[in-house]
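Which chain is which? They are A, B, C, D, E and F, in the order written, and residues in each are numbered from 1.
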Amino acid sequence: MRINGRGADERRPMKLTVDINKYAEGSVYIEVGDTKVMCTATVEEKVPMFMKGQGKGWVTAEYAMLPRATNTRNQRESARGKLSGRTMEIQRLIGRALRSVVDLQALGERSITVDCDVIQADGGTRTTSITGAFIALAYAVNKLAVKHSLPVFPITDYLASVSVGVVGEQMLLDLNYEEDSKAKVDMNVVMTGQGQFVEVQGTGEEKPFSRQELDGLLQLAEKGIREMIEQQREALGPIGLKISGGETGANA
Amino acid sequence: MRINGRGADERRPMKLTVDINKYAEGSVYIEVGDTKVMCTATVEEKVPMFMKGQGKGWVTAEYAMLPRATNTRNQRESARGKLSGRTMEIQRLIGRALRSVVDLQALGERSITVDCDVIQADGGTRTTSITGAFIALAYAVNKLAVKHSLPVFPITDYLASVSVGVVGEQMLLDLNYEEDSKAKVDMNVVMTGQGQFVEVQGTGEEKPFSRQELDGLLQLAEKGIREMIEQQREALGPIGLKISGGETGANA
Amino acid sequence: MRINGRGADERRPMKLTVDINKYAEGSVYIEVGDTKVMCTATVEEKVPMFMKGQGKGWVTAEYAMLPRATNTRNQRESARGKLSGRTMEIQRLIGRALRSVVDLQALGERSITVDCDVIQADGGTRTTSITGAFIALAYAVNKLAVKHSLPVFPITDYLASVSVGVVGEQMLLDLNYEEDSKAKVDMNVVMTGQGQFVEVQGTGEEKPFSRQELDGLLQLAEKGIREMIEQQREALGPIGLKISGGETGANA
Amino acid sequence: MRINGRGADERRPMKLTVDINKYAEGSVYIEVGDTKVMCTATVEEKVPMFMKGQGKGWVTAEYAMLPRATNTRNQRESARGKLSGRTMEIQRLIGRALRSVVDLQALGERSITVDCDVIQADGGTRTTSITGAFIALAYAVNKLAVKHSLPVFPITDYLASVSVGVVGEQMLLDLNYEEDSKAKVDMNVVMTGQGQFVEVQGTGEEKPFSRQELDGLLQLAEKGIREMIEQQREALGPIGLKISGGETGANA
Amino acid sequence: MRINGRGADERRPMKLTVDINKYAEGSVYIEVGDTKVMCTATVEEKVPMFMKGQGKGWVTAEYAMLPRATNTRNQRESARGKLSGRTMEIQRLIGRALRSVVDLQALGERSITVDCDVIQADGGTRTTSITGAFIALAYAVNKLAVKHSLPVFPITDYLASVSVGVVGEQMLLDLNYEEDSKAKVDMNVVMTGQGQFVEVQGTGEEKPFSRQELDGLLQLAEKGIREMIEQQREALGPIGLKISGGETGANA
Amino acid sequence: MRINGRGADERRPMKLTVDINKYAEGSVYIEVGDTKVMCTATVEEKVPMFMKGQGKGWVTAEYAMLPRATNTRNQRESARGKLSGRTMEIQRLIGRALRSVVDLQALGERSITVDCDVIQADGGTRTTSITGAFIALAYAVNKLAVKHSLPVFPITDYLASVSVGVVGEQMLLDLNYEEDSKAKVDMNVVMTGQGQFVEVQGTGEEKPFSRQELDGLLQLAEKGIREMIEQQREALGPIGLKISGGETGANA
């Protein structure tokens, strides 16, 4: 039996508090169980050096944890003077995932940086960051689209992410920290509103895993993400987000 | 006329949400107008190298801003690979101020790190951090005192801080960002419940200031801090904090 | 048609030159097409701080490229003063993959560092590094096992890795650099001699991918890895490597 | 009784050796008791990025100690790879203080960097640096003013600094290292020739301090700084420095 | 008696495998006994900031060792975050030596970076790097000269380097690691095809050395370098290298 | 004709002001023409990690320049966050040179760090540093020898250094900055009181140099160093320095 009586295929409650930052073009405070992440999107009218002069935009992400987001205090990466490999891996993942649903051409020569700062961590911080980052991004892009009357709306589909894993003999959806630390297989899945994969990252922590396990986990993830995207749709409803990606788009 | 019709000697509303972090020994989310800081206190049963074997404890602080706490996004200090001078100056100030009301002997060979993370900034982030850090520290020390039945309560007095300044011809209490950026004189004052000074840092930003200005600003700061300490007293009431510093102590 | 007339499910020629370093406990120079990696394994009779006193060993990896391994010269990470996110992500992956086929208990309190230095790069440097690192590791562990008469042989199975991807409409095995840069889906798969997954990392570079594509790519990867493990078996034959992992073990 | 029989309100002897560097636009070797600082001012015909195009100049300072300036050798900050918080705090203070008596508009788009290198330290290195930095700055500005026939002389007033503190029950002027390390209250004051404050930084090292103590210390500092400025006036006399700040100016 | 029965004035066998990198403009794999270095030369159509607008080119070098090039594994300089003093000293030496035989004017505003990566080390890595770097440089410059029909061939002479030393009472040519670590005097000599000195760096490791020892060592080095340049001439023969430096030039 | 009418084989005036630092175990302010270096020696009763438990001592050196030691201001290496290659090369050279005249066994498990801080630079800063560092070292070692009644005096000989070079057609002794920047050949020589070589570093800056030039330069250096050691002898006379290295020792 899972904590709080959750079923194996049941997600933790997810709460989205949108537009809470006084300055950011888009922002959301996302809570998935006890995992809490502040996501803010910043628009800048310039692109990184390597993108200059292509008429295209760029979307990137940064990820960090407050020192006491976790059970024991972590030293700040600013104090250590460098980012850990884990942080870099996560922020590369978030940025890549976001870009998969952005039409960089339609964005124009602008860049959007989404900051995901984990205020409290209880497993699934990278997947929660992606799910929240999409909301912050959508708010920021919506403002841009209105302000500049962009002819094509630069977001092409919804995007959410969840973790799944094998703990003991059971396949579980949306692992909290305790479950994650006991998992034999750990998988992070990122999917679109259309039900397509953006990232599949499965790791046999202790030992390898079989094709059947892989298939079961993917199915579980798909269920969870479908539900999360429903919640995103509601959260984005008020701003009338126009997703160009077909039937999943709010105003398509 | 100040924003929201504030009088020259009127503080912004202050809100303290205590004990909000699942893991930290003490925590508070402090809001002073639009300035919002998460303060968490972490207790460790060890002291830094330079304090070893003295039978005394240590209290230190770290300060940081989320990238989009401000109007334009700031690069993370972790990405730049080093702390700015401003950050170091502020965290040295917070730590020094906290230690002035802690009996390090009574604390025993333990260290407490108070993290002050600015979620949103609108002026006065260092003074707000000090005021909040004291609350987080008090919660953590209280737990310690109960858990280890400390014979002497290690906190000796209340502690709060406010900024004052000269804007135009007027002396103002509790400057917001806009006022701060126009101030000719800027002063941060840290005081105890007993009404004594812990830090006085006055700077003539554009031009020097007179003894009369200094005196007027100190008086304004004293008023503000007295009010803030009243609010701290209420916030700490429920935990029955015992301040050994005389008549200001809740249960003295 | 692929370069050199390769079929879609055909790997590039792989060449393993073993035991070529005068000092390292295990070493191999692995060439997969024009991708060339020097792998050396170093045994040390100590473990990292976080593993001390557990009676278990540790296996880790480091990855780097010579500056002119690629078409244009890359600045050295030593000169830049820090590792890139890409490098950290890759060396974390290699280490994790190797540990999945090592019985750390059986290894004893020792650590093995496998260095993968890319001498020339033409796509698939991380998968080639894993395949080569396993050989270097096996040589080093074999020496250890003989020298210390380890009761249980610490390697539990073979391990190899390959990249697969979707280029145009075609699914391809073992992408070279040019194919990789045009791929819409890019997947790295790490598998054991038993045919189980250790890592599956699929990314939709430009756009998301479907479940069918995922299944097709996994099948292609499985074929490639099975062939590579056959070559590893031959390369390790002369040292009489004893894999405890069942029917795939050379001397089981 | 203080070392060398100094009275409580008596400064240590101050010696200014001006124009001693072959290359610098302005320089002074300042000795205050056993504290010895080399100050050099460098003029550059450019301003930092953030000041460009405003038609204004910039003045900044850097501070460092030779490794053996102190009783035990300190590791070089260059070897540690970063500046300490203390160093950054001090050089920010020196720069800010200098700018308060410079008319940046009158300076034109130029920057002056004043380097304060402590050759030997015996307390008061930051205040001694400010007092010396002003001299070096004045020499450099004077050369500039002559060379470019600046219509307005860019220095508006004299500037000096001293430390005061409470040691035991006594208020003392100009603490040496031994006194400083025993002080209960430590205050650094920066003042102009007009007798106005530029910086007041008071800290209760062990315990808070009262308003009366603050007032007494400020009075002591004022006396010391008035005397120091007299000495500066003599040192600057030969170059006929024109201070526009009223009756204190040499040639006003 | 030396290892492998070498005489005191006998070099280790040297093997040059040229043009082995798919991407580099010039490359050689040089083996001197068990010391093995990969040298690649990269041409870029730009010069460093400090050389801009002078119509001249620049030649520089970088040097590194693979972690397991030596008997015990060395930590990567990229992981340590900085280059060691030894590395910097060596790469400055290589760059300086190469520039002494390049006509920077004839090169035009281009820069050539020669990377020397030690794959395996057994003494003499810096001298071997210089000897190999010259070959890689020559190949790259030759391509440049042909491609741009340079009117003057920018390489003015051959260049090679060897170490000599006093071990016990004997003067030895081309020390391997074991000899080097026992040497009382250690000298690296760089010479041209004309028999002139480019660098002479002699160090009394344990104790000072006499003028006679210096003279003897220089004579030994001269013999070794003359032989090495013969081998370089053969290796460069096929590309018809035109050295403008007189009778030593292949096609002069 | 050289500046100040110096002859080709004439040194600049050298002035040694000994024992000028209040805290250091040994110190000297050395002036060679306009090159001025502060040298301080610090004794610590411990050795670096790699020397522990061998019953031997260690001598090392650090070198730095004040930012305005030169004609244009140099950025501080502490601000850049790393030492330049030049700095590292120089401090390695100074340390190596000093160790060549120290009996590390006789020193016992202690380390001496000699700091050479260039206050003003006009060519020859590394050679001047060595000459001064020897004096500071000798003072520190002398105190040690007296304090601990060391049975063998740990300094074995005098040590000094000078630069020589070829400017135009002339061989010159002790180059100043202007001469150095025009030199075709630049050589730094370190010698002992016995007239033996410790380091010979000759570089053909623009073009290679001949054996005759090398011989001539060595002879010039020998003359200069012999004279400098005479001056060292006088400067060390008052402390009755006992050099065990034979007839050159003051009290041998």
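Everything below uses one rule, namely that a contact is a pair of C-beta atoms (placed from the backbone, for glycine too) under 8 Å apart; a residue touches a chain by one contact, two chains touch by 3 or more.
A quick note: this is a predicted structure, and the numbers were derived from the prediction, not measured.
J.: Among all the other chains, which ones are in touch with both subunit D and subunit E?
T.: Common contact partners of subunit D and subunit E, which must touch each of the two, are F.
J.: Give the chains in contact with both subunit A and subunit E, ordered by label.
T.: C
J.: Considering only mean CA positions as chain centres, point out the chain farthest from subunit C.
T.: Most distant chain from subunit C: D.
J.: For subunit B and subunit D, what's the span in angstrom between their mean Cα positions?
T.: 29
J.: Return the distance between the CA-based centres of subunit D and subunit F, expressed in whole Å.
T.: 34
J.: On a C-alpha centroid basis, what's the spacing between subunit A and subunit D, in Å?
T.: Distance between chain centres, rounded to whole Å: 52 Å.
J.: Touching at least two other chains at once: which residues of subunit C meet that condition?
T.: 81-83
J.: Which chains make up the ring, listed in order from subunit A with subunit B immediately after it?
T.: A, B, D, F, E, C
J.: Name, in rising order, each residue of subunit A that touches subunit C in their complex.
T.: 82-86, 88-89, 91-92, 96, 100-101, 157, 191-192, 194, 196-204, 206-211, 214, 218
J.: Looking at the complex, which residues from subunit D come into contact with subunit F?
T.: Subunit D residues touching subunit F: 21-24, 27, 34, 38, 40, 42, 44, 62, 64, 66-73, 76-83, 87, 113, 115, 117, 119-120, 122.
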